Each structure stands twice: as structure tokens, then as C-alpha cells.
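Several structures are given next for inspection.
Paired with subunit B in one complex and with subunit C in the other, subunit A is shared by the two complexes that follow.
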Partner chain A sequence: MSEAATDKGNLFPLLAKAAPLLLAVIAVAFIPAAHPSPNIIRLMFVTLVWVTTSVAWNLIGGFAGQVSFGFAVFYGLGAYTTAITYSTGVDRFDSILLGACAAMLASLLVGLPTFRLKGPYFAIATIGVSEAVRVIMTNLGFTGGASGYRIMERGPFNQLLHYYIALALAATAIALSMLVRYSKFGLALLAIREDEEAASDLGVNPFRTKLLAHALAAALTGAAGGVFVGYAAFIYPQGVFGFDISVAILLMPIIGGLGTVWGPPIGAAVYGFVHEELIASFPQFHLLLFGSLLILIILFEPAGVMGLAYKVVGLFRRRK
Partner chain B sequence: MGAILKLEKLSRYFAGLAAVKEVSLDLEEGGLFGLIGPNGAGKTTLLSIIAGSLKPTSGKITFKGRDLTGAKSFKAVQAGIARTHQVPKPFRTLSVLENVEVGLRFGGSQRSGNDAKDAMQVLELVGIAHRQHSPASMLSVGDMKRMELARALAARPTLLLCDEVCSGLTESETEQILSLLRNIRKAGTTILYVEHNLKAIMSVCDHVIVMNYGQKLIEGSPQTVRSDASVIEAYIGKKAAQ
Partner chain C sequence: MNTVDFLNLLISAILLAGVYAAMSVGMTIIYGVMKIVNLAHAGFLMLGAYFVFELYERLHVDPLLGAVLAFPVFYFVGIAVYWSMVRRIPRSDQPTLPSLLLLFGLWLVLQNLGYMIWGNADRAILTPRTFSTLQVGQLIFPTVRLVVFGVAVASLVALDFVMHRTWRGRAVRALMQNSDAGRIVGVNVDKTARIAFGVGIAFAGTAGGLLAMMYSFTPDFGGSFLLRSFVIIVLGGLESFSGVAIGALILALVESFSILVIPSGYQPAVSFSLLVVALVVLPNGVAGLWNKRQRLT
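Presenting the complex of A and B:
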């Protein structure tokens, strides 16, 4: 791990790290060629959106250890901004970009006052802000308030277009997460997570570093909200700003493995498919089951699926 | 050589209580200074103020002619003041090498351009090069203290603040660290060394500052300080001193 952080001139380790991403993107890109049912494509699309939010949350929550309960704010703002701008005639990609910008600005509002403080203030503030924004959006006139906002579609619906947009965004998110992890910026984030005071004593500016990671995470999450809107014909505050969205976004990287590059996408995939099955079989109990799953993970495998994988690999190596 | 660090009437109050009270101090460039005093004398607080971890309530800090009063610790270390902590503060899940890289890449100004080589050099200097890939949490107390020192050195300080780098170490480990401090000083770094272990301080420092109740009691050569009545009184009490 540490060599990659120092060996700048050596291209090979970087390629070796990027290879799984390239393979995964190619594999997912060719799934539609097998002509699966539109329902499978829909499930894959939603999962790819979750992959993006999960990877984004991990940038600040996993790498920097700053737990946020308010990522629905960014997701929802991205969704609404994209929906409104697209409906008023802005190009699809530009409207997603505007959604990302809106989310990034919102991240500063949360980060500026709380990142100067040490301790749990950031986490607490994220809960307050997320509830406040949900209530505001429920009562805001021009977005349709609680009854929601209908998106003006400007052409025939093309499921695969949205599928590939979601895939491109998810791949971008993972690539960014990889770059962050093995960069100087990533080292600063990890140092802050381990001991903020010691990091500052060694020259890391914790406030600026956290603010930047939070903004990057918010932008990706906002873009994910915007991509989701392309698929949905209709959005409403509880659907994109709900506390359950915030919880889902933080649950996925925890399931997969906090602070790793591949844990969050794996966690999102697990969540995406399990959630679908659970909600179909136990519409009332799926949150309870996820809660229990979370407790089990924290108790027995805090490193998530990635931690479990490393343990299994370790077992096989020992046997040889 | 002139003073590299100048403290003027530096005070720090905690809820009305003076932890450091009107301390004025000049540290000559290239010296190895000892800072001693009984428990609660304000040594670590003074160190934290100089390092930027704590803001002074009043007073002024001038470092290399630059006003550094109230500068945050990351600014202080970029200006050339690095510190170690009495209780090591490792980045536990990061490797020893990565711990040092943080100081190397964010600390001082001039970098050689070969971080990997520089990091190994610092680890070799403090004697934990063989532990480079271990997670920091796996280190023994002695190695943890060495890594704490290595990280600070990696930031290429011109003023090194050492807070009890020898507490909890065996006598031979202490001797190794002391000779390391001598070498660091020889290489041109000014050192301010806080220590409980008087023997260690007296053997390595050429100038000793004594604090008591947040104030500077006296300063001078180890010999002068050792025989000063007020120092003996501060350490072992008035009655016993008589």
C-alpha cells in the first residue's frame, strides 16, 4: 500500500490497480447484450446509482472518518436541480452537472461551520440540516411541495441510455476514489481519520482537507441524484430527501468495507440486490432486517465484505 | 547566532487558572535546551503553545523573526517547528512508513524529491527501518516513541520540540535516544526538550529552563540550575530543602 503512495514514476502499480475497474466496467457494459429483462436492467441501473453514492460517502466517511447522516440532502438537491433545469430546457448532461454543483454548494453550508470543530458536531449537524431541508422542500411552492415534481420528458424513453450514464458516473466515482486513496490528499484524509491533532501537527490542514473531500463527495452524490431523475418521471421530497435515503447511503459502504476502494461498490451491489429481494418479500420488515444486518457487521466484521474477503484469502494462504 | 525563537510574556489561562504565566524566553539557534519542572508546572502547555496546538491567551511568539502568535499547528510545522507528544499519537491503521510520509509530504518546505528514500532514511536514523511495513498499532512503546520522533523529523524542522521522548523507556533505549538528539542538534536543528528524567536532561542539554506554577523560575547551565536553592525547593519542598 505504502509503495504506491511514494512510487510516482512507476506506472505499473497504477495500471494493476486500475485493471479490476476496467474489467468490471467492460463486464457491466456488456450485460445488456445478453438481453436480460427490462426489470434486471432497472435493478442494475439503481444499483449503479447506489454505487456512486456509496463510493462518494466513503470519501469523507470512510477515508476521513467524518460520519454523515445527511447525504440525502445532496442526493435530493442534485435530483431536484437536474429535474427542474432539464424540464426548463437545459441539456441532459448540463442539468446533471448543475445538480452536482448545487450539492457541492450545500456541502459547504454544512462543512464551513462544523469542520472547524473536533468531535461529533459534524455528524450531529448533518442530521439537523437533512431534516430541515426535507421540511423546506415539502413546503416549497415552485417544486410542487409534498406532492412532488413531474419531469418533462423531451423524447422517447431509452432505458439503455440511462443505464450507460449511470455506469459512466459509477466508474468515474470509483476512479476518483482510487486516485484519492493513493494520492497525497488521500494520505491527509487517512491521517485525519486516525488522529486529527497529530495530522495537524505534521502539517495537514484538517479544515481545508475535510471541506474538499466533503465537496467532492457531495458533487458525486448530487450527480447520482441527477442521473436517477433521468430515469424517474416523477420525484417527491420523501423519496429523495428522506432520512432512509441518508441511512441507505451510509449503510452500503459499511456493508462493503469502510475506507477501502472496493468495499463501497461491493456494499452497494449487495444492498441493491438484497434490498430488492427484501422489499418484495417483507415490505414491512426490510428496514428491521437491514438494521440487524448492520449490528451483526459492526459486531463481527467491522471491515465489511472486504475484511471478510481478506480473512478468507489469509486462511487459504496459511494452508499452503 | 541570534535567537531562533523568542517568547514575550506568553500566558495561557484555563478557566481563569494560569497554566502558563508571562513566560519570556530566547532560544539561541543551534542549542539544545532542557525544560524541566515539577508535575503541572506548565511545560507541556508551553510546548503546545509554541507548536500551535494551543492559542496563547496573551503574549507574543516570534520564530526566525516572523510573528507566529496564534498560528495553527500546521502553519507552525510548515514554518519549521515540529513537535512530539508525551503520549504518542500514531496513525494506528497506517504503516510506519506511511506515518512518516505524512510528516514528509506535509511538513517542511524543502523536499529532496525522493520521498521513499527520505522516509527510509529517517526510519533508519531512529532505528525502526525494519518495522516500515507494520501497522503503527503493532509497535512496542519504545518503537512508538521512536516513530513519534521520526515523524517530527520527517517534517524537517529547524526547531524540534520533544515532549518526554524517553519516558517509559529502558536505560539503554534512553541512551540511544539521547545520542540521537545530540546528532540531530549537531546537524543544525535547535531542540527544546521537556523531560521528567533530570539525569537525561542534565547529561544532554547545555542550557536548562526551570518552570514552576506556570512561571519561569530560573534558567542557566545544568550546573547552575542543579545547585539553585529555588529549584531544589520546587522539586522536593521547602522543609526538606532547609
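Presenting the complex of A and C:
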């Protein structure tokens, strides 16, 4: 009884928190109505995919504080699973779902042996798994090996269809991230990040909680890979399993602000547009810039864009 | 496979283990004292390789001497990195998110500076020693590997001496075991951490130079060795020097003999599988097994 009452009490603040999401989704949904160039739509589509992966990484990296360097594994597995199942005749939506499931299963491979242990084992294993998976996919026969895999497209290509799928997925990811952040599960994740032993003493099962958050993050990342491949129609191991994909996925939430709901989407938006310019002007050295950016953020503004924003707001409040 | 082939493979595995141990010991020191996983290790291995390469190409310094010279040079590089970055992040007795991300960023920077300076062409250090061998009966000892093994083992013996016979070395070991207790008995944590970081990077530089004599390299050179170093220190229990030696031997043996059954394209998967097996079976490493045995008896 009392639990239901508190739920009702929380309903209004939760709606207030969801309002920015609704407004953002409506705004982004009406952008195509202004008839921008297809290139802008493509850029928006890619950014929405990045929003999803960025929010996903933040679930385990930001909320639970477990750094993963291997999210390209989930992205790539999702992309390949979707591509292969879609080509064999599975419905588009179901194939993306299958991609998410494949990524979720892969997350157990890293999570099961490492989340039981304290220490840096998880981060170490994620570097290993991305190396290993990329090597296997490059040598595997039925996916086309290093030369890649082409989707059998059914019907004409509709750019806006992909755009709205990506938008729906990104909105789902942000809504999930909100639900997690303001639920008991999310509080358990934050407790693990701050002090795993203390959290465990207070009745949180760190192993199960981390495993669940990791699986959720993997599923979202796999779905993002699946959405991306529907648009790209062609994938190759270096493109989706590449080290730079893992780096990009972890960099975006850090740019935006770790452990917040709105930091990762902001980081993805910043990254999506800046990256496009950088790739055009320095195709070789974007990883050098990413690395320098990572060092600078960690040393000078660990809370990212959100931290900066709060500082600026704080400055204005003090003026008054 | 006959006995001679088996023995030759065994010899090459043991010779490989020497340089693997020298390569991983730097990570162990840094992890032990500061609980920081040095992801930039790969970058310093690569820089060590190019350091020796440039000395040989431009000044005709023997690569062996080059690798020895790399030690003091990279020691000061390590001190500089510690002073400018590492000391600014919060200290902890657990590996923290900022420390992982900072050193990861440093790795990206070093690797891509490497691409900027040297391009992505394969380089190799070729000396008269490279292709010569020493034959004892039917057993074959590649000269380069023997020499590299000699340097690696000598550096490890020297490290062992410093760790056990000097005050600073004992301070490092004290912090590895219990940093609070170390502080109470008067160890200067900041200075010791700085020296430990320098020595860790110095070992990475020298090991990079040694590896460069055996393999060709590109700026991406360190990545696969980083993964191998992880496997070795996890097998060794993260902060034990003898554990590193045993871990290096296990990895070298597994890699050498797995070539017989697993195609060489899948080699990185071999190290990763060994890592997962080690985490499941021996979470505290071989040294943990040893301690448990001792406690039981």
C-alpha cells in the first residue's frame, strides 16, 4: 500500500523530468518537415545512433563506474546479426531485436568472469575481447571475412524511415536511462561506483547489478549497430569492430558528462557534428585529437559539458 | 613431432618468456604502488622500439646498447608524465575511472604521434645478428633471442636486487603491500610513486627496444603486447614479481605450442582466452594459489 502511495507521489516529478525528452523528440521529429538536404538528414541519423551508444555506455561506465574499452564488440555484433538475419528474410524490426540479443549474450562473456572480482579486471578484459572478436570476424568465412558483408535490401531505400527508427531508438535509450537513474536499480549502480564494499554491505548484489546494467547497455548498443547497418547496407569488420569505434563510444559520454542523464546525448551531439568537420580536415589524426581531448577533460573538467554548464549557471546565480 | 622439434620449441618459448617478463614487470610496479593500470604501456613499448631504431639508423648505435640506453631516457620520460599528469588525479587503493581514462588517452596520443612521425610502414632492425643462430647438437638457438633474453634477465635480476637491498626498493615493496602502513613508517608516498612510475616506464622502453630486435613494428606495435602484458600480470596476481616471471613463462609456452593447433591469425584470441581462463580459475593469479597453499599448511 505505502509503496503505491510513494509511486503516485513520484509521478509528477518524473513527468517534469520527462518533459525535456518529449520536447527534444518532437523537435527532432519535425526537422525533416523543413526539407533539409539529405546530407543533413544523414548527419542527424548518425548522431542519433551515437546518442544511443553514448547513453548505453553511460549506464555501465557513468552510473556504475565500470570503464569499458570494448563497446565496438556489441555494436559490431548487433550490426552483423541484423545484417545477416535481415538478408535471410527476417522482418526489419525483429532483426534489430535479434542484434540486441546477440550483443546481450556477448556482454555475459565479459561480465560473468570479471564482475565477480574487484579490481581492474573488467576494463582489462574489455580491451582483450575487442581485439579477439575483431580478429575472429576478420578470419570468419560466412560473414565475408575482412572484405565485408552486403545486405540484401528489399524495396526502395527510404532515408526518412531509417531516420525515424534511429530517433525512436535514441528516445527509448534516454527514457531507459532516466528510469534507471531515478530507480532503486540506478541508486544501486551509483552506490557501487562510489564504494562497492559499502554497497554490498547495504544489501546490493554488485555482481548481479553490474551484470544487468552491462547487458542492458550491450543490448542498446547492439540495437544501435543494427539500426546503423540498415542505413549503411554494407559492413566490414574494421568499420564496426574497429578500435576507433570503441574509443568514440566511450569518448562521447565523457565529453557530455559522466553519470548524468543528459550529458551523454549532448556529448554525442557535440561529437557527431565536430567529428564530421574533423574527419574532413584531418582524416589521419582524429584519434590523436580524441586522446588529447580525453586527457584534458580528465585533468581539468571531469564532469564534461554538463559540469561546465553547472559552473556557468552557478556563476550567474552568485552574481544575483 | 619428434623430441628435437619439441625441445627447440621449448627453448624458443623460454627465451620469449624472458622478454615477456621484462615487458610486464613495469606494469606490475606501477599497479602495485599506485593501483593504476598503465594503459599507456603500449605507447611506451612502441616509443622504445622507435628509439632504438632511430639510434641504430642515424647514429649506428648497436640496438643492444640502444635498449640499455632507453632505460634512463624513459625513466625521465616517466617522471615527466607522472609530474605533469598522473599526480593530478585522485589517489585511491582501487583502480579509478579517471586513471584508466587518462592513461588510455595518453596511449591514443602516443600511438598517433607515432603515426604522424614515422607513418604506418613496417620497420625492422636488421643487424648481422638477426639471422645468425647458435647450434648445439641438433638444438638451435637464434642469436638475437639469446642476447635479448640475456639483457631481459639481467634487468630483472638488477630490479630484484634494488627491490630487496636498497631503502627505496623496500619502500616500493612496502607501498605495494600496504600503502597506509608504509606512510606510517615514514615512506614518502609521492616521491616513491614518482620513482616507481619512472622505473615502470623505463622497463617499458627497454622492453620495447628488445622486442624491436625480434619483430618488425609499426606505431600500432604495442597493442598486442599490451594485451599479453595484461594476461601475464593477471596470471601473476597483479602485484607480485615472481608471479610475473611465472605468468610470462605460461603465456610464452601456451603461445609457442598453440601454433601447432591454432592458425596464427587467431593468436590475439589465444591470449584473450587465456585471460578469461585465468580470471575464472585463478582470480588471484599463480601467486594467490601459492599463498593459499601456504596458509593451508
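One rule holds in what follows: the second predicted complex is superposed on the first by the 312 of 320 C-alpha atoms of A that agree within 3 Å, B and C clash if a C-alpha of one lies under 4 Å from a C-alpha of the other, contacts with A are read in each partner's own complex, and residues count from 1 in each chain.
The criterion applied here is as follows: a residue touches a chain if its C-beta (ideal position, glycine included) is under 8 Å from a C-beta of that chain, and two chains touch if they have at least 3 such contacts.
Small disclaimer: the values here were computed from a predicted structure and weren't measured.
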item	value
Contacts of A:A191 with subunit B and subunit C, given as first, second, both or neither	first
Subunit A residues touched by each partner, larger count belonging to subunit B or subunit C	C
Partner chain in contact with A:G65 - subunit B first, subunit C second, else both or neither	second
First, second, both or neither for A:A123, with subunit B first and subunit C second	second
Partner chain in contact with A:P38 - subunit B first, subunit C second, else both or neither	neither
Touching partner for A:G141 - first (subunit B), second (subunit C), both, neither	neither
Partner chain in contact with A:F290 - subunit B first, subunit C second, else both or neither	second
Contacts of A:G89 with subunit B and subunit C, given as first, second, both or neither	neither
First, second, both or neither for A:P156, with subunit B first and subunit C second	neither
Contacting residues of subunit C [partner subunit A, same complex]	31, 37, 39, 85, 88-89, 94-95, 97-98, 100-102, 104-109, 111-113, 115-116, 223-224, 226-227, 230-231, 234, 238, 263, 265-269, 271-273, 275-276, 279-280, 283
Subunit A-touching residues of subunit B, taken from the complex the two chains share	51, 53, 72-74, 77-78, 82-83, 85, 89-95, 97-98, 101-103, 105-108, 115-116, 119, 132-133, 151-152, 154-155
Subunit C-touching residues of subunit A, taken from the complex the two chains share	61, 65, 67, 69, 109, 113-114, 116-121, 123-125, 127-129, 131-132, 135-136, 138-139, 243, 247, 250, 254, 258, 284-285, 287-288, 290-295, 298-299, 302
Subunit A residues touching subunit B - in the complex, by the definition given at the top	1-3, 5-7, 184, 187-188, 190-191, 194-195, 197-206
